[in-house]
Each structure stands twice: as structure tokens, then as C-alpha cells.
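Letters are used for the chains, namely A, B, C and D, taken in the order the chains are written, and counting of residues starts over at 1 for each.
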Amino acid sequence: MSASLEKGVRVLKEVIDAPIASYFNSCVHCGLCAEACLFYTETGDPKYTPIHKLEPLRRIYEQEYTLLGRLKKMAGLSKPVTDAELDEWQELVYNSCTLCARCSAVCPVGNDIVYMVRKFREGMSAAGHAPEGIKGAVNRTVSIGSPMGVKLPAVQAQMKHVEADTGLTIPLDAEGAEYMVMLSSMEIINFPEYLGAIARIMHQAGKTWTLCSTAFEATNAGIQIGNSDLAKVIVSRIVDGAEKLKVKTVISPECGHAYTALRWEGANLVGRPFTFEVKHILEVLAEFQEKNLLKTEGFETDKLTFHDPCQLVRRGGVVQQPRKLINQIAKNFVEMPDSGFMNWCCGGGGGASAIEEGEELRLEAFRKKKSQLEAVKPDRLVTACANCRIVLEEGLEHYQMDIPVVGLTEMIAEHLPERQKPEGS
Amino acid sequence: MERSDTLQEKMEQNGMSRRTFIKYCASLASLMALPPSAAYAMAEALGKAKRPSVIWLPFQECTGCTESITRSHSPSIEGMIFDMISLDYQETLMAAAGHQAEEALHAAMKENYGKYVLIIDGSVATGLDGAYSCIAGRSNLESLKEAAKGAAAIIALGSCASFGGIPKANPNPTGAVAVSDIIKDKPIVNIPGCPPIPVVITGVLAQFLTFGTLPELDKLGRPKAVYGETIHDRCYRRPFYDQGKFAKTFDDEGARQGWCLFELGCKGPVTYNACATTKWNDSTSFPIESGHGCIGCSEPDFWDAGGFYKALSMPADPLKMAATAAVAGAAVGVAISFANRAKKGAAKSAHETTKLEDLEK
Amino acid sequence: MPSIDQIPISIVSPDEMLTGQADAVLTEIAGMLKRLLDDGIEGSIDLRGLALSGADRVWLEKQLGRGEVEIMLEAGGWSVLTETAYPGVWKVMHRDDRDRVVAELIEVAFVPAIIRPDNGDVKKGHESLLLNLKAKTAGV
Amino acid sequence: MNELQFLTWVRGTGLNIAVGIFLLGVLWRLFEIYSLGRKQDLSAPRHASGASGFHTIFRRSLPPPGMLKRSPVSYIGGYVFHIGLAIVVFLFAPHILLIKNLTGLSWPALPSQFIDLMAVVTMAAMVVVLVDRINKPVKRFLSTFEDWFTWTVTFLPVLTGWMAVQHLLLPYTTMLALHILSVELLLVVLPFTKLFHVFTLFGSRWYNGKVNGHKGVPV
């Protein structure tokens, strides 16, 4: 056994817990999880059955933590997990799993399969069996600060640009602000409209907010590669920044995994409850809407539909908020089939979009989204995750579908009353 | 009194006609499932048969079998058959006693060596070299082995001789076994029952005397003709079983209506005997007809078959080991959980924080 | 709607069902009759050895019908031998001295064997008749 | 060994051994599984997860939207087979009598004719799910020896029970003994195969529901 494999197995021994044991013992091989997985439904290849993606983990569980499995192992009757096997499984665990959790939502015995994939990735990454693309993203996030290699000066340039554009000040490191706004590097590079939208919305709502010079990047490639040690390094920056600036709430940007990393995994990674709240931008906007702090004018009249990011609906519980927000500014909002809780993944979540060699499979799986879209034929597609947005745009382009994709926050910003003076000034 | 040499002569003496005898043979043939035409052959052969020597040894028994045969209400013919045989040794019935009886036994064995029929009732004690049951200072085991040597055939009469019976019941202190467990080289007919149906023994004897053959036997050594079907198959309450009408207690409406006694523990479905057709006490009735389930007395180990009043489908022995098993299971479980926790703890303390360079192999 | 006790109930007991066994008995009797005619071989069937239902017996009885002869035999109980509508086919019922049925047969024979006196019996009868005559002559 | 001795063994010693192994196995496995524990979730709940675990235990019995259409055989076959099995096991008069004998608890039974029908329906459904397992690429791909084996040990008690009641093939006694024996086989293998899902299913659904409840995911 190679040292790296040994390390991987040891990590798996650490992460295997009662839920995983319960899940493996409950599986009756009914195959329904395959029906929920777009990599299976679009390719028809049984190897993409979600529970099968966990086979090495199952064997380690059995060999290490069950009496019969240990006896079998002692008698030399069980098949050990090897580097070659993990190498083969890399495609199944990373390329063909976006941690979308549809399988977890349908499993009749209640297995949280994606919970297990997440844990399995701990061992896979420790054993060195993670894809190059995600490794690179982790590398850049840890060493530079952002998966796309964006540094503070780039953000500052953006800030200046937005300030000029909106005439509003973008606060940086403002201690005691109510909200600390996080960005994803995709937004910094590809969708600069987001920062402007935030500035205007906050201004209109009369809330204090700030960016943090040591923690502006919300995405956490450590979660995607599935390595808690590295994810902790990344999330700690945000925790430190938020605590230093004494903010009440940290706002996760339009990015699914950033939200999961911060909202659900963060406290567990640093090992203590947060002293601040974490909210997704849509949750904040919905709160503003409820308190009547979000005033908009005019309506979109073209046909809109909403793509639910998996980490928001199935893993985050944010389902109704985007719908309420869209209905405030749109007249012709339609739902795709399976939308909401059971929405299909864009095909690029969970770090999959960073895997170059997985592109072909990703595009194949995108046919699911294509058929969903064809069922409603929208003029534009709204979403609330920068990663979804990029993957959707790639897929739509590949299938030559002319449907522009927009972020919900910036769409709302477009409907803010023009040049409205901040209240009380 | 001088005995007649053949049955024919005996009948004539008693003023019994040949036709009466044929009729009797017809009924025996019917019982033994021989073709009806056999009745005539039987009548002829039996009429001319010489008195065969019969030696009857009682072992661990209660004399119930002897009672059953001798108190049979059948007419004189069956008694006559017994008259016909030369019952050279039968402790209970014979007049001789002590040394006289022993001498008679040995004389008969010597005189008829290789030809006599040996009837055994009672099981054979094997514990302490058979010391649990002795006659004239010799163990039954010894007597059986000696008597069997010269026997033409052996009839194991009653459940004890056939299968070990009540002496063999758990915990079997005397090491009781069946005749067939000891004797392997002689034809043995088992006529189980506690007691057995009297007419069966006359039927077997009649066939042996007539044709020199033993009836066809099933895998337990019982005459197929008598033990071929279960009490249940021939039971007059069977239609109620098929309709699912069961008496639940011995005094409920169902019991009064004569419904099936299955749920009250009737062993009819697993007991192979002819009680339901031949009946008992001069064909008056049989146990089920009197409102009590069959206890399966003619089956092996009937005493230990889970209680007379427990339905066949019920667990005999409600979960004796359940508590022990549960405790043992919990103990195993706890032991494994400690081992697992130790293993997990070891893995945790051996944790090396993953650094970027560790992502590469 | 009728009340529950107005709903007619019919109970079918197994004795009211034909099992098909009786058919087979008839066929066998026909075969036996042929053998009796061709080779003079007699045959018989033990009715108690067959699993006939009550209905089977009634049906069989009806099929066989009645012939001209009925013989009563008193030998250790009454027996009744009845000729059926088919000459050579006899229904035989033996009872013992307590009137229990001990055998129930179909016999296929010109005359049931039990009716024909045995040579020895006739011889003995003849002897005792002669003795009787002698005694009478001597007595006069 | 004759029929009575066979029956005596299966309803005496055999049953004791089987129930013993079953209880031992169930407790051992439950400890083995759930003693592994899990870390406390330190993230702030969206709202108290409350009874979400219990809700999921029940709600997961219904197909999520769209799934019934994708795999009708799994769902309908599965429902018929599980419900049929439950009816046959728990609502057949002799079985209730058995439970009453063991525990003193009893409840009304369904008519035998209905149970008989249910047994046939259950077996039909089991055959259908078996055929589905053979035909469907995913199921066939996932299937191991254990899948075929557990199907068989589940099917046999229904088949032998039905045959005993119907007086088919073998004498009632032998069939009854085989029926009890097949149930014993089922009891013995249950804790050590995927059949153990009859216990862990509740734990698994509860964990899943609890996590979802914590996050405010509507399930």
C-alpha cells in the first residue's frame, strides 16, 4: 500500500460515522438513485449509479467497522481497496458527481448519498486521487486567495469602476457594518454587475455593509475537492475577517458551494459556532422585500424561468425566496418541469466544472437541462449561482440555444428606481 | 387339554363354518390391503397352518399393549388365532413362573430355532449395560440379542418397542431405544401405538402364517396398509378443517359443534394410524370422536412433540434463548463499538493535516 | 335490502361431491367381466379400500342397479350378496355377529365363491347324512 | 426423521436457534452501526429541526415527484410486495395466533381467502421485481449474490406458507415444517444481509430528515 493510499484509507476511517454505516446497511440495490442522477439518465451507463460511486468506501466501511468484514479481511476473503481502483473511481466521484443531492432526495430507504460522496472525497483527495482541475483551483485559492487567481488589486479596480458607475462608495474593511459582502471570483471577473447591484440595493435599503480586504473570495474549492483541512484554511480567512470587522451577517454571493461552505460547513470546519450569521444574498433580498426595503419599478415582460442551484434548494433550503423576488419584477415567470426542490443540476456543480476532461460528459448530461428548457421555451433563464451560470452558458452555446442567462440579484438591481437619493441624506 | 393341530380342526370343534372363516379372512385382507381374492387363499392356508411358536418378551413396558390385545372385544376368532399359535412364553399370561418359565423359554427357543416369531413389547434399556430392566437377572438387551438370533421375524409391538416410546422421552434416563436400534439383521415389523390397534397384530400374524411373508412396510417399518394415511386424512372432522372452522377451547361453541381440534393441539395431521377407521372399544369411537385431539401416540418421540394442547403451527418452546441471545448480541455489539471507536480514535490521532502538496500522490 | 337471515345459505359437504372414482370402478368391472367370459377368471374389488365419497357410492349403486338374485348368508353374522343389473356382477356386504360391516366388495363371478360349498364340506355333509339314515334305519 | 420429528424440530429447537441468532444479530448489528456516532453539527440551524427526522421516516415511503414515472415497476412492485407481505405476515389468523402465543397481543384477522389472494399477489409482485432486476441494466449491474439470495429467502416463506394452506405438492405437515424452516432461514440471514434495512431504514431516513430539517430543506 502506498503512503498516500494509506493516508487516504486512514482519513476514510476517520470520517466513517453512524449515518454512513446506517446508509450502507440500508441500501437494497433498488437503483432508484440512478434514475435521479442526470449522469445516468443522460448516458444510460449504469456505472453512474450514485451508490456505485461509493463502492470503495463501502468496502472500507465493511472491512474496518463490521465484525464480519474484519473476519473476512483477516481470512483474506475481501478485496482490498487499491490505488488503481481509486484511480478508476476518480471519474465517478468527481467528474460525474456534482453533489447535487437528487439521489439523497429520492432514496427510498433515506440514504443521504451525497453526504457519503462528500466524505469519500476526503479520502480520495488525501490519497491524491483528485482531478487536476480542482487541485489547481484549490491551489490558487489557498496560495493566491481565489480559485481564478484574483487578487485584491483586481477587486479594488472593480470597486473603483463600480463607484464611478453608481456614484456610491464601496466600503472596504468598514468595522461594525451590518453586512459583510462576499464575492465569488467568477463575479469579479465575469459578472462585475453583481457588485454594483449590491451597492445600489444596500444603499436603497439603508443598510451598512462592507467588503473585507483579507476575505473577499467566498468560493471554497476545498469543499469541492472534499478536503476539510484545506477547506478550513480557506473558510478561516472569512471567519477571521468577519470577526475582525465585527459584522452581524456575512452574505454569501450567488454561488451554491460558497453558500454551503460558509453556511453549513464553516462552523464545523473551524470547530466552533460562528459569532455572526451567514445568509445567501437571496435570503437577504427576500428579507428586504418582506420589510419593504426593496423597492423596484417596472417589470420584465419577456418569458423568464428560474434555475434552482442545487446547493440552494436541496442542500440549503432556499426555495421560495427567489420566486417571490422574481415575481416582484417580472410579469411572465414560468416554472420548468421538476423545478424547485427536485430541479436538475446544471451539470457542473461540486467542482465538476473545473475538470477539463469531464467536459464531454458534462455536455452530455446537459441534455437534461436542455429538455427542461425546451418544455417551457423561456426567453431568458434566471439563476442565482455564478457557477451554474457559466455552465449553463456553455451548455446553451454548445446546443446552440439562444437563451441568455442572468443573475437574479443584478436583474433586481436593474429595477431599482434610478438615481434615488439614499434615505435621510 | 389337548390342542388341535390345525385351525380347521379347531373351528370344527367350535362348530364354526368355513364360510364364517372366509368372511373373517375377507375382513383381514381388507385391513391389510391385500387383494380381496387373497381371502380365499388365506382361509385355505390358515386352515391348514401348523401352530407356529411365538415368543413374547416384555421389556420396559406398562402391559398396555398386552391389555389391548387380550381385552380386544373382537369375536372369538381373534382369540382363536392366539389359540392357534403356540405362545410359548408370555410372562403376563403364562401360568409358569420363575425357573419354570425360563426353562420354557429356552426350550421353545431351542426347539423352534430359526422358525419362531418374536414379539417384543417395551423399549430396550441400554444405560448401565441395560441394568435398568432385567428379567431373571439378565438385562433385556441381553435377552433380546439372544432371542433374536433364532427368530424368523420380530414384531415390535407398541410405540416403546417400535420407537422407544415413553421410556425414551426426554431426558431418557435409562437410555431406552427401539428394537430396531439393536437388531439389524432380522425382519422387524413395527406396530406402534400406545397401545396399538389389536386387529393389526392379528392381521400381521395371519399374513405371516398364510403366505410366510410380512406385510409391505413404510420407511418406519410399519405396515403400509394400516399406517399409510394420517388420522387427519380419514378424520370425520376434516371438512371443518378445510373450512377453517376450529374449536378454540374445549368448551366453546366450536367444540360443541364438533369443529376441528387442530388449534387445541390435535396431532392428527402428523399421525399415521388407522384409528379413524377401525376405531376403538369395539368400534365405538376414537379420541377425536370423544372431543379430544389426537396425541400422536403411534409416532416416534410423540411425548416430546411440543405439548398435547399446543397447535402444530405454534412454537413448541416459546423462545427459550431469546433473553440470552439478546444479551449476547448486545455484548458483541458493545465490544465491537469499543473496538470501532478505538480504531477511529487511532485514525484521528494519526491525522496529518493535508497540505497543498499532499494533493499530489 | 333483505336482512342477513334471508340470504339463502347452502352447505356443500364433501359427501355431496362426485370424485370421479366411481367411474373408474365401472370401467374396471367391465374389464373383469370380459376376463370372466374369456378365461373364466373371477375378480373382485374392495370398496372400502377406495376413497369413495357418499355421493360416489350412491351414484355407483344407481349405475349398477339390481338383478334378480339376492342371497342372505348367515355365517358369523349376516352377509348379503346381491346380483346387480349386470349378471355376473355381485355386490357383497359382510357383517359380523355384532352387525358391523367387515367387508364390502364387488365380486365378478358366475356365483360368488363363498356360496359354492367346499368339496370337503359336501363330503362331510354326505357322510353325516348317511350316518343319519343309518341311525334312522337302525332305530326302526 | 419423520414428519412429526421434523416439525417438532423446526417449531422447537430450530425456532429457538433462529430467533436466538436473529436477536443476537439484530442487537449486535445495531450497536455496531449506531455506536460509530457522528459529530455534532455546529452550524446554526435555519430553524429547529424538530420532528423532521420522523417526518422523513414516513414521507420517504412516498415517491418523490417524477420518480414514479421514471421507475414504475420499482415503486408499484415494491409497494405491492411490501404491503402484501405485511398483510400476509400480520393479518393472517394463524400468524396472529402465533404472536398471541408469544406475546399475548392479538388483533382481528382478515379472511383467509383474502390472505390467500394477497399471498398470490405478493408472490406475483416479487416475481415482477425479480424480472425487473434481471432486465434493468442498473439493477442487474448493482446486483450481487446477496441480492438473489435475499430475494429467495424472502420468497420461500410466502411460497411455502401459501402451498401449505393450499395443500399443494407435499402433505400439509411437511409443508408447514418447510414454511417454518424457511422463516427461520429468513430470521437467521436478516441481520447480516441487506434485509437489515428493515431496521436501519428508520435510522437512515431519520438522519437524512434531521439534516434536511436543520437546513430548512422542505421534505
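What we mean here is this: a contact is a pair of C-beta atoms (placed from the backbone, for glycine too) under 8 Å apart; a residue touches a chain by one contact, two chains touch by 3 or more.
Computed from a predicted structure; not experimentally measured.
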Shortest walk length in steps over touching chains, chain C through to chain D: 2
Chain nearest the global centroid, as defined over all protein CA atoms shown: D
Chain A-chain D separation of Cα centroids, rounded to whole Å: 38
Centre distance in Å when chain A and chain B are each reduced to the mean of their C-alpha atoms: 79
Between chain A and chain C, centroid-to-centroid distance (C-alpha), Å: 96
In chain D, residues with contacts to at least two other chains: 28-29, 32, 35-37
Of all residues in chain B, the ones touching two or more other chains: 332, 336, 340, 344
Chain C, residues touching no fewer than two other chains: none
Graph class of chain-chain contacts, one of line, ring, star, complete, other: other
Every chain pair meeting the contact rule: A-B, A-D, B-C, B-D
Sites on chain B touched by chain D in the complex: 219-220, 230, 232, 244, 263, 267, 269-271, 296, 299-302, 304-306, 311-322, 324-326, 328-330, 332-334, 336-337, 340-341, 344
Touching residues (chain side chain D, partner chain A) in the complex: 28-29, 32-39, 41-44, 46, 56-57, 60-61, 63-67, 70-71, 74, 78, 136-144, 147, 192, 194, 196-197, 200-201, 203-209, 211-212, 215-219
Complex interface listing, chain B residues touching chain C: 16-20, 22-24, 26-27, 29-30, 33, 35-37, 39-40, 75, 77, 238-239, 242, 282-283
Interfacial residue positions of chain C with respect to chain B in the complex: 13-14, 42-46, 48-49, 73, 75-77, 79, 94, 96-98, 100, 102-103, 105, 107, 113-114, 118, 120-121
In the complex, chain B residues that touch chain A: 332, 336, 340, 343-344, 347-348, 350-356, 358-361
